[in-house]
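In the two complexes below, chain A is the common chain; its partner is chain B in one and chain C in the other.
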Partner chain A sequence: MFYREAGDFKTSYRDDNQTFPIRLDRMGYYILMFVAFLVVPFFINDYWVNAVFAPFLIYAIAALGLNILTGYAGQVSLGTGGFMAVGAYACYKLMTGFPEVSIVIHIILAGGITAMVGVAFGLPSLRIKGFYLAVATLAAQFFLVWLFNKVPWFYNYSASGQINAPERSVFGVIVTGPNTEAWAKYMICLVFVVVLAWVARNLTRGMMGRKWMGIRDMDIAAEIIGVNPLMAKMSAFAVSSFFVGIAGALFFAVYLGAAEAGEAFGINKSFLILFMIIIGGLGSIFGSFAGAAFMVLMPVLLKNVLVGGMGWPTDLAAHFEFMIVGGLIVIFLIVEPHGLAQLWRLTKEKLRLWPFPH
Partner chain B sequence: MPEQLLFAMEVTLNGLMAGVLYALVALGFVLIFKASGIFNYAQGVMALFAALTLVGIQQGQVPFAHLINAIFGTEVHHFPWHVPSIIAIILAAGVMVLFAWIVEKYILQHLIGQPDIILFMATIGLAYFMEGFGDIMWGSDIKTLDVGLPQGMNMAIDEATYNMFGYGFFIDNLDIVATVVAALLVTSLVIFSQYTKQGRALRAVADDHSAALSVGISLRFIWVLVWSIAGFVALVAGIMWGAKSGVQFSLSLIALKALPVLMLGGFTSIPGAIIGGLIIGVGEQLFEFAIGPMIGGATQNWFAYVLALIFLIFRPQGLFGEKIIERV
Partner chain C sequence: MKYSKLAAASITALMAATPVLADLVFPSLSYRTGPYAAGGIPYADGFADYFTLLNERDGGIGGVMTSAPECETAYNTEKGVECYEATKGEGALAYNPLSTGITYQLIPKVTADDIPLYTPGYGRTSAANGKVFSHVFNFPANYWNAASLAVNHLKEVSGGDLNGKKIALVYHNSAYGKEPIRTLEGLAEKHGFELVTVPVDHPGQEQKAQWLQIRRERPDFVIMYGWGVMNQVAIQEAANIRYPMENFIGVWWSGGDHDVAPAGAAANGYKAVTFHGVGSDYPVFDDIQKYVVDTGKAAGNGDNIGKAIYNRGVYAAMLLAEAAKKAQEIHGTPDITSSMMRDGMEALEITEERMTELGMPGFGPTFTVTCENHGGPGTGAIQQWDAAAGKWSLISDFGPSDMELIQPLIDEDSGAYAAENNIEPRCN
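And now, the complex of A and B:
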C-alpha cells in the first residue's frame, strides 16, 4: 500500500540505475545514515560498542570482502582469518614504525599489503577449483598464523608475543588504545564501513563485478566471451583481501587493542565469516550486513537468555550456540541457499503487491 | 653409523606411523567422496563424536547429564555400571549407523542436485552441530580412552635396533597396533567393495549416479551404507587417536590434517589416501627434524598444507586421482 514504485518516474539512465530505485528504500537509507551518524554516537556506551556495534561493523567489512571473493567471483576461501591477521600485523608495524603518519592511512596501507599477500595465495586458483582451492587457502591460514607467532620481528620482540595498539588519534580524537571513548571507536568503524560498502556496491555492479560473476557462473564460457580469468580472479583476490585486511586492522587496532595471532585470527574466524555470508546471502551486499548482524547478535542474545534468563552454566550455553549455528547453516542451505538477503527480497516483493496480491 | 642418520631413521619410522593415522581419517573422506561426490568436512568431528560415544557408553555416563542437571536441578552423572569394551564398540558403531541414517534422511535428501560447494558448506555446518551436540551429550572434559590396546615403548624393537646399531629406536606399541588395524581395515574394505553385491553397487554409484539408478540400485540405501562405513572408519580412527592423546576437541582438527593428505593422494583413490598419509606423516616429521629448529619450530602446523599447495600447482588431481576433465 505504501511501498510502491508507482509515481516514481525515472527520466534519465542515471536515475534508472541507482542503487535504491524505490523512493521508500532511498528514504530508509537516508534515515539509517542519519541515525547511524547523528543519533547513535550520542547514546552509545562501552557495553554496546564492545558487544554489538564494533564487532558488527568490523565483521561486516570482512564479510563484504569474503562475499566479493566467494559470492561474486565464486572462489571459496577458508583463509579469511589469516588475511585478517596480515591486516592487523601490517597495521601494527606501520603504527609503531611511522608514528607521525595518520592511523587512517596506516589502516588503508594495511589493506593494501593484505591485498598483495592475498594475490600471492590466490595464484593457485588459476590451476585448481572448488574445494581443492578451499583447502589450498587453508595453507594460507595456518602458514600466516604460524609466521606471526614465530617471527619476533612482527610483534616487535615483545616478551608476551602479543601486539598492543599504541594510542593514536584522528583530528585530535583518540581512536586506538585503552583511553578511546565509545563513540570514537564506533565512528571510525562506521566511516570505514560506509565508504567500503559504497566501493563494494559500485565495483560489483560495474564491469569488474560482471567479470567476476561470469567467472563464478561458468569460467570456461566467460573466458570464451573475452573475460581474462587471470585478471578477474586476481582482482577478486586483491579486492577481497583489501577489505579483509582493513577489517583485520580495525579489529586489532580499534576493537581488541591487543591481539595474539593464533587466538584472535585462528581458523574459527575464517569459518565465522564464511557462515556470515552463507546465512546472509552469497553474492549480496545487504547479505553481508545481515549475516554479520546475525552472527554477532545471536551469541549475545543466547547468552542473555540461557545464562542470564535461565541460569544455565556458560559452557553449556556455548555448546548450544555451536549446535544452533551448525543447524542454522544446514537449514539455510536446504531451505534458502541465498540466505537472509533473499528473504528480504521476497518480503519486499510481497510488500509491493500488498494488500492485493493478484 | 653416524648418530644424525640414526635419528633421521627413527623420525622417519615415527612419521610413517603418524601417517597411518592420518590415512585412517583420510580413508573416511575418500569413501564418502567416491560414492556421493560429497566432500565431508565433518569426518574429523565424526571421529571425535564416535570416540566420545564410545567412552560415554563404556563408563556408563548419562547422556545429556549437564543439560538435565541444568534444567531440572538434579545431580545425575553415571549409571551404576561399566560396559565391556567390545560391547561398547559395537554399540558405538550402532550409534554411527543411526547417525548416517539421520544425515541421509534429513540433510542429503534435501540437497540432491545442489552444487558441490553447497554440499561442502553443509558438512561444515554439520561439523559445528555435531561438535556442540557431542559436548552437550557427553560433556566437554578431556576423557581417557582405554579399550585395552597396548601402549608404551616397544621393547623388542628397542632391543633389536640397539643390538644392530648401538642405538635403540623409540616406537610406540600403539602405533604398531594402529598400523595393523589400518591394514586390516583397508583389506576388508577392498574385499567388501570387490566381492560383495553391495560393494559392486557401491562402485557402480561411484562411477555414475544416474546409470546406477537406472539398473535398480537404491541410491538412498547406498548413501546410508557408505556414511555408516565412514562412521565406522571414524570410530576406528577415533579409538586410535583417542588412545594416543585423549578424547578432546583437538581430535576434530586432525580432520583438517587429512585434507592435504587427500590433495596429495587424490580425492578418489583409496591407495592414494594411504600413500598420501604416509608422505605427509614422514614429510612433516623430517621437515621439523631437519629444518624446524632453524626457523623456530612447530612447522607441523602448516607443512602439510604448503606441501599440498605446491604439489597442486603441478598436478591438480593429486598423485592417484582421476584426471579432471571439463566438459562444456
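And now, the complex of A and C:
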C-alpha cells in the first residue's frame, strides 16, 4: 500500500536510473544514514564498537570486495585472507615508515598495494576458471601468509612477529591505538564503508559492472560482443583486492590494533568471507552487508543469549553456537539458495502488491 | 540492515538483564573448545576452582566474595577482544587470557583502561620490565627463562659442555613460538651449540615434514615450544622416528599430562621445564577436593587435580588472590578497584611461610615484585614423565636461569616498545 512505484513520477532519465527508485526505499536509506552518522556515535560504547560495529563494518567491506570478484565477475577466490594480510602489513609498513602522513592516506594506499598484488595473483584467471582458479587463489592465501611470517622486514624485525598499530589521528581525533574513543573507531569504519559501498554500487551498475557480469554469465559471448576479458577480469581483481586491502588495513589498525599473519589472516578468514557472500547473496551490495551481519552478529548474539541470558557453561554454549549457526546457514540456503538478498528482494516484491496481490 | 537492528535490540535487552556482579571479579578468558582446548580446560578449571575454594573455605578475600566469570575465546584474538570488552564492565580486577596473541592485543588496552594484565609464563616476555609495561606482570618466570633453563639442563646432561652440539627448536609458528628464538640464538653463541629452527603452523595436527627434517638433521637435543594439539602430535611423531625421549624437552606449555598420555609408553622419559610444583601432594589440593569437588562446585569434572596445567591454573589464581589481599592492605579497603589491584601486584611478596600457610609449601619460588621488575626471579625446574606410573616427577631443583643474557634482551625489546609508543620510563 505504501511501498509502491505508482504515484512516484519520474520526469528525467536521471530519476529513472537512481539507485532507490521507490520513495520509501529512499527514505529508509536516508533515515539509516542519519541514524548511522548522527545517532549511533552518541550512544556507542567500547563493547558495542569492538564486539559488534567495527567487525561488522570491516567485514562488510571485505564482503563487498569479494562480491565484486565472485558475485559480479564470477571469479572464485579463496585468497581473501591473504589479501587482507597484504592490506594490513602494507598499512603497518606505511604507518611506521611515514608517521607524519595521515592514516586515511595510508589505508587507501594499502588498498592500492593490495590491488596490485591482487592483479598479479589474478593473472592465472585468464587461463583457468572455476574450481581451478579457486585452487590458484588458495595458493596466494598460503604464500602470502607464509611470506609475512618468513620475512622479518614486514614486521619490522620484532621478536615475536607481531605487528602493533601505533597511535594515529585524523583531524586531531585519535583513531588507532588503545586511547581511541569508541565513536572515533566507529566513525572511521563507517566513513570507509559508506564511501566504498557507494563506489561499489555505482561501479557495478555502470559499464564496468556490466562487463563483469557479461564475463560471469558467459565469457565467450561477452568476448564476441566486444568485452575485453583481460581488462574485465583484471579490473575485477584490482577493484576487489582494493576493497579487501582496505578491509585488512582497518581490521589491523583500527579494530584489533595488533595482529599476526597466521592467526588473523589464515584460510579461515577466506572461508568466512566467502560464506558471508554466499549467505548474503552473490552479486548484491545489500547481500554483502546482510552476510557480514549474519556471520558476525549471530555468534555474538547467541553467546549473549546462551551464556549471559541462560547461564549455560561457556563450552556448551560455544558448541551450540556452531550447531545453531551451521543449522541456520543450511536452512537459509535450502529456503533461498540465492541468499538473504534474494529474500529481501522477494519481500519487496510482495510488499509492492500488498494488500491486493492480484 | 534489518538483521543488525534485530540483533542489536536483542543484545541490548539481554545486557540489561545480566546481573551486575559486585564481587572481586577475575575474568577467566578461557578456551574449552578448539584445537587448544586440551590445555585450556585444565587451566580454566584450576583457576576457577581456587577462587571457589576461597569463597567456600575463607569466605572470599578479606571478607569479599570472589568470582571468576568465564568467557570462551577459543584461543582466537577477535573473540578475545570481544570477551575483554564484555567483562571489562563487570568490574574486572585483572586479566589472565592464557594466550600470547590475546596478550599482545590487550597490553595497550589494559594500560589505557588501568586494569592489570597477568601473564604467568607466557605473553610478551619483555613485559617483565616494569619501567615500560606499567600494567603487565609475568612473574614468576617467562619464555626466555624457560629457554635458558632448558639449555642449562641440557648442558648439565652433556657433561657441562654444549660445544658443537646441535639443538633443534620445534615451535608453534606464532608470536608465542617465535619468542624464544632470540634468546636461544644468544645462548647458542654463548655455549657454542648450533640452533636449528623448525616451525609448525597452526594448529599443528600434521608434522610429518618437520619430523622428517629432524630425522635428517639429527640434532642432539630437541626443544619444543608447542601448545594444544601440536604437543601430542609432536611427541607421537618423535616416538615414531624413535627419537630418544630423554633428549626431547618441552617448555612448560608442552608439559601437560594430556600431551604425553596419548603416546603411551613411547613417551616415557620426555622432559619439560616447569616453574611450579608437580603432583597433588599439597594440602591445598585436599582442600579443593573437600570444599570444591565433593560439594559439586568444581568447574570441570574434578578429575584434573594435580595435573600439570591444572596446578598452573591454581598457582596463577593463588598469586592473583595474594595480590588482591596485598591491595586490600595497601589501600585499607576490602572493595578494591583494578587500579588498586595493580598496586597490589606491584607490591606482591611471596614467602615460604605464606605458601605453607596456603597449603602450597615449596610449590613455587619465593619472590618480591618491584616497580622495575614485573618478571619475578625466573627460576624453574625440569620435570620428567614416567609413563608407567602416569605422572610427572621433578628431576632437578628449582634453579636460576641466565639473567645475564636475558636482562639485556628484555631491556632491548621493551626499549623498542617504549620508543614506538612514546612511553616515558617509570620508577625513577
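A few comments on the model shown:
The criterion applied here is as follows: the second predicted complex is superposed on the first by the 331 of 358 C-alpha atoms of A that agree within 3 Å, B and C clash if a C-alpha of one lies under 4 Å from a C-alpha of the other, contacts with A are read in each partner's own complex, and residues count from 1 in each chain.
The criterion applied here is as follows: contacts are C-beta pairs under 8 Å (C-beta built on N, C-alpha and C of every residue); 3 or more make two chains touch, one makes a residue touch a chain.
Everything quoted here is computed from the prediction, not taken from an experiment.
Of the two partner chains, chain B is the only one that A:L138 touches; chain C does not reach it.
Of the two partner chains, both chain B and chain C are touched by A:H319.
Once chain A of one complex is fitted onto chain A of the other, the partner contacts of A:A221 are limited to chain B, with no touch recorded for chain C.
Contacts of A:V193 after superposition on the shared chain: neither chain B nor chain C is touched. By the touch criterion stated above, A:M295 is placed in contact with neither chain B nor chain C.
Contacts of A:A159 after superposition: chain C is touched, whereas chain B is not reached. Looking at chain A, you'll find residues 149, 313, 315, 319 touch chain B in one structure and chain C in the other.
Of all residues in chain C, those touching chain A in their complex are 1-4, 7-8, 10-11, 14-15, 17-18, 30, 32-33, 37, 41, 70-72, 74, 76-78, 81-82, 84-86, 88-89, 100-101, 104-105, 107-109, 111-113, 124-126, 173-176, 178-179, 181-182, 199, 201-202, 413, 416, 420-421. Across the interface of their complex, chain C is touched by residues 32, 46-47, 50-52, 55-56, 96, 149, 158-162, 164, 166-167, 177-179, 255-260, 262-264, 266, 289-290, 293-294, 297-298, 300-301, 303-305, 307-309, 313-315, 317-319, 340, 344 of chain A. Contact residues on chain A toward chain B in their complex (touch as defined above): 76, 123-124, 127-128, 130-132, 134-136, 138-139, 142-143, 145-146, 149-151, 220-221, 267, 271, 274-275, 278, 310-313, 315-316, 319-330, 333-334, 337.
Taken together, the chain B residues at the contact with chain A in this complex read 39, 66-67, 70, 107, 110-111, 114, 116-118, 120-122, 124-133, 135-136, 140, 256, 259-260, 262-263, 295-299, 301-302, 305-306, 308-309, 312-313, 316, 326, 328.
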